[in-house]
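Chain naming follows the written order as A, B, C and D, and within any one chain the residues start at number 1.
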Amino acid sequence: MIDAAALRRWLVAFAEEVADNRDLLTSLDAAIGDADHGINMDRGMTAVVAALPEPSADAQPGPLLKTAGMTLVSTVGGASGPLYGTLFLRMAQAVGDSTELAPDTWAKALRAGLEGVVARGRAEAGDKTMYDALAPACDALEDALADGAGLADALARASAAADAGRDATVPMLARKGRASYLGERSVGHQDPGATSVALLVAAAARTLGDGA
Amino acid sequence: MIDAAALRRWLVAFAEEVADNRDLLTSLDAAIGDADHGINMDRGMTAVVAALPEPSADAQPGPLLKTAGMTLVSTVGGASGPLYGTLFLRMAQAVGDSTELAPDTWAKALRAGLEGVVARGRAEAGDKTMYDALAPACDALEDALADGAGLADALARASAAADAGRDATVPMLARKGRASYLGERSVGHQDPGATSVALLVAAAARTLGDGA
Amino acid sequence: MKKLINAPADVVTESLLGVEAAHPELRVDHQHKVVVRGDAPRQGKVGLVSGGGSGHEPLHGGFVGVGMLDAACAGEVFTSPVPDQIVAATQAVDGGAGVLHIVKNYTGDVMNFEMAAELCEGTEVATVVTNDDVAVQDSLYTVGRRGVGVTVLVEKIAGAAAEEGRPLAEVAAVARRVNDNGRSMGMALTSCTVPAAGHPTFDLPDDEMELGIGIHGEPGRQRVPLAPAAQIAELLVDPILDDHDFRGNGGVLAFVNGMGGTPLIELYLMYNEVSHLLAKAGVPVARSLVGNYITSLDMAGCSVTILKLDDELLRLWDAPVSTPALRWGV
Amino acid sequence: MKKLINAPADVVTESLLGVEAAHPELRVDHQHKVVVRGDAPRQGKVGLVSGGGSGHEPLHGGFVGVGMLDAACAGEVFTSPVPDQIVAATQAVDGGAGVLHIVKNYTGDVMNFEMAAELCEGTEVATVVTNDDVAVQDSLYTVGRRGVGVTVLVEKIAGAAAEEGRPLAEVAAVARRVNDNGRSMGMALTSCTVPAAGHPTFDLPDDEMELGIGIHGEPGRQRVPLAPAAQIAELLVDPILDDHDFRGNGGVLAFVNGMGGTPLIELYLMYNEVSHLLAKAGVPVARSLVGNYITSLDMAGCSVTILKLDDELLRLWDAPVSTPALRWGV
């Protein structure tokens, strides 16, 4: 089961990953965007960590995810602010007021987050966006759990799928976001948003797996 | 004796020297001025050559020098336009309507030119300007003629004095012109105007010497 | 990186302090990074709110004032503002006649303004999205064209319509007409340097330029050999003229815009080239604008915007305006 | 060299063609490279003529119009105009009340204007030489200080006095009062590139800046380590305040000027620093001006000019002006 403390560890780990990869994310964005994705996500996740309540016994997953989403919406701006913000807000909605999440509740929440991203940004598979890492992660997670895998294993497979999805953005021609303005020139570059999503899922695999 | 054809050769030779040393004059000006002395002088002397009447039997030194002076005033601008322009205009005045100039008439004309430069720019010895090459050249020319030297020899000595005067500007602290704004930083650089004056006198030595 | 700044993270905040100090006729809400007309809200007047990433100055804060914007939201450099800012700006200028959001067509800007509009309960909000950049191929499957130079003209002309007391729907319609009749294309000689990044966004060899750039240091559609101004003007004007029919009795407004690092002497030289090309194409110029109005930090380069005018747009363009960056008739 | 130009030798000519095309209210005498107010000469009004090397745009051509200059002579880049140009400008604006020459204190400018004045028979000419640059130590044996930022303010304020119909001596006296009460200091982050030279005038390492520069790409008085904006502001403001007593009831006009390649976001940030320093020094700011007004081609950097105001100078500053680069009240 995943509790608020575990989710908090996840978000803190993601914030660390983002900070460590700030320059990478920004330079990927420099190639096909406007050179700010690392800066944006770092500003947002630093704010999220600052806004998260100290770990306490009565902390609940829903409010925690909602705080994360609201904070991202209020501090990031750009495309990733509303998109990541919506991801966490929809996850918060999906988990409602449960105090602990079963693996498949968590998987459903992530799926709801993905749907929020699509509702906001109208991305489709192959558009070269964060969708292309997040959707395979959701699929892999659900498949693994359906196969009877444990949470740790399922998250590891989701993380591998996110990585593969991220890598698969390289040859894509962007059709959404700033990279789309480049037309053919967007081909051959890895999408920054897909890259940060892979970090998000990897952080989940590292921090939530032992909750199984 | 120096006739209009010889003066014309002098000015053409000076124009060539300026064109050949355009980048040098400009880079000297870049160090302590505004990086345009070569450009200015080249623009002006190109116009002078274009404005000079084709060599003809009835051409006169005075009008020829006046054309050169007027053309420089009208095309150069900056400090060197009025200064070089005045130099030639005063030379023109000094030679009046003579058709041929004896060596000492030419020396007097150059002295008058120098006085024009001083009247216009109020430079004194050691101010790190074209004065510091032109004044020694006048002095050397007069001394040599007074010593009984031939024109060729006298001009060679004037040219050597102009070169020495030019070199002596290096350690000077500029007190006139743009270089003066640099204060101490002007020390250690050769003055561009003194450099172009040295070219002017060298051109005279090469083209007027055989008129003796 | 060589810039007149303190800590890179404080650039936007400190620049807004300067705007406030220099322009007593404006108010600055520092918490929300919003520049507001000193006399806002004006009862009965439609409020105009725009905003976007910082780094495009004078856009948008420099266009707040009589006859133009009522408020501008400043995001981080090249990052759209967040909904909170937009909500604060909207509320500050709501004089009961509704508020028009003028949004440049970038995913981030559109989404943040969209979220803000959803949050602005009690205020009628209309939105106009500018998308004038012909460098970007439009298609059903993509996000469409960027909003660039025409945004300045939309803000001016819609601002004049609002100042006349016209209702929200009409002001929005005027704004859309400007956008529909304007086209732009830009180019860069150099990259810009985002303060937080500390180095140029892209490397551009001395003999090449980027064609079809936006205003965020994005690379352009194409990297091509450096060319003389006359040829650059053709590369910018031709695709604009190909994309829209600008002939007509009203003439056009021709706008040569600098990207921030290009001095006026070059922009006027470009304007000369552009005006020749328009004359050759039989497009009469009724009005012009030359200067750094929608920039990309310290990028060297320019963009050309052509707006087809009609009697009403011309009258609204000529109407008085008094903002830090655009001022006449008052 | 990356510039929006054709042949380097044609930059000034072609830029003036652009000015003419963009500003139908002005006339351009292309033979003499002179920009003239469309309605010149105005009978009975003192004519104001300024000029200097090109590369400082909008100075001077951008300041021709109602309430400011009657004509501006454009020299080659960074090279003062020649007497012929100045004579042509003077004659074009002579409305019988005399003409004021506003000349920046550079040897070349002073000598060419001097020669021109000698040639302007039949026109009463008065000359005001600006020399506000505190970076240059003044002394009996040198040519004295350069004319920089205050020139913009002299042109505006003397222009307003002339527009009021005041006689030549009074207009000249007002101009001198502005010059006497104004001080400036500038700095560069980068060199500029003169088109005809094709490469930067000086090399400046990434961690250094030039302090006490003029407006012609001259190196400054000192090369010092790059510093944050707050410290740069001190390096500019302190010597200005040390040089003149700016305290008084009238307050000052604080002018933060960009050198051409520095965008507005940085200039406003600098203005914030400058306004703090003035407040700390007990110098109240009555008016401000922030932008690229007297530039050095594409140089990055800025200058600060402080002008002590009195009631009359304030009134003349606020008076209507309508030029390409400075416009209000009309």
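The working rule: contacts are C-beta pairs under 8 Å (C-beta built on N, C-alpha and C of every residue); 3 or more make two chains touch, one makes a residue touch a chain.
Owing to the predicted nature of the structure, the values given are computational and were not obtained by experimental measurement.
**Q** Please give the intersection of the contact partners of chain A with those of chain D.
**A** Common neighbours, chain A/chain D: C.
**Q** Across all chain pairs, which one has the most C-beta contacts?
**A** So the chains sharing the most C-beta contacts are C-D.
**Q** With centres defined by CA atoms only, which chain is the most remote from chain C?
**A** Computed centres place B farthest from chain C.
**Q** Please compute the C-alpha centroid of chain A, do the same for chain C, then give the distance between them in whole Å.
**A** Using C-alpha averages as centres, the distance is 32 Å.
**Q** Chain A to chain B: how many Å between their CA centres?
**A** 75
**Q** Find the geometric centre of each of chain C and chain D from their Cα atoms only, then give the gap between the two centres in Å, rounded to an integer.
**A** The answer is 29 Å.
**Q** For this assembly, give the contact graph shape among line, ring, star, complete and other.
**A** Graph shape, chains as nodes and touching pairs as edges: a line.
**Q** Name the touching chain pairs, please: which are they?
**A** Inter-chain contacts occur between A-C, B-D, C-D.
**Q** In their complex, what parts of chain D are in touch with chain C?
**A** Residue positions touching the partner: 1-7, 11-12, 14-19, 21-23, 54-55, 57-58, 62, 189-190, 206, 209, 226, 228-230, 232, 260-273, 275, 285, 288, 290, 292, 295, 297-298, 300-302, 322, 324-325, 327-330.
**Q** How about chain D: which of its residues touch chain B in the complex?
**A** Chain D residues touching chain B: 53, 75-84, 106-108, 111-112, 114-115, 133, 135-137, 141-143, 146, 194, 196-197, 201-202, 214, 216-219, 221-222.
**Q** Could you list, by residue number, the parts of chain A that touch chain C in their complex?
**A** 26, 30-36, 39-40, 43, 73-83, 120-121, 175-178, 180-183, 185
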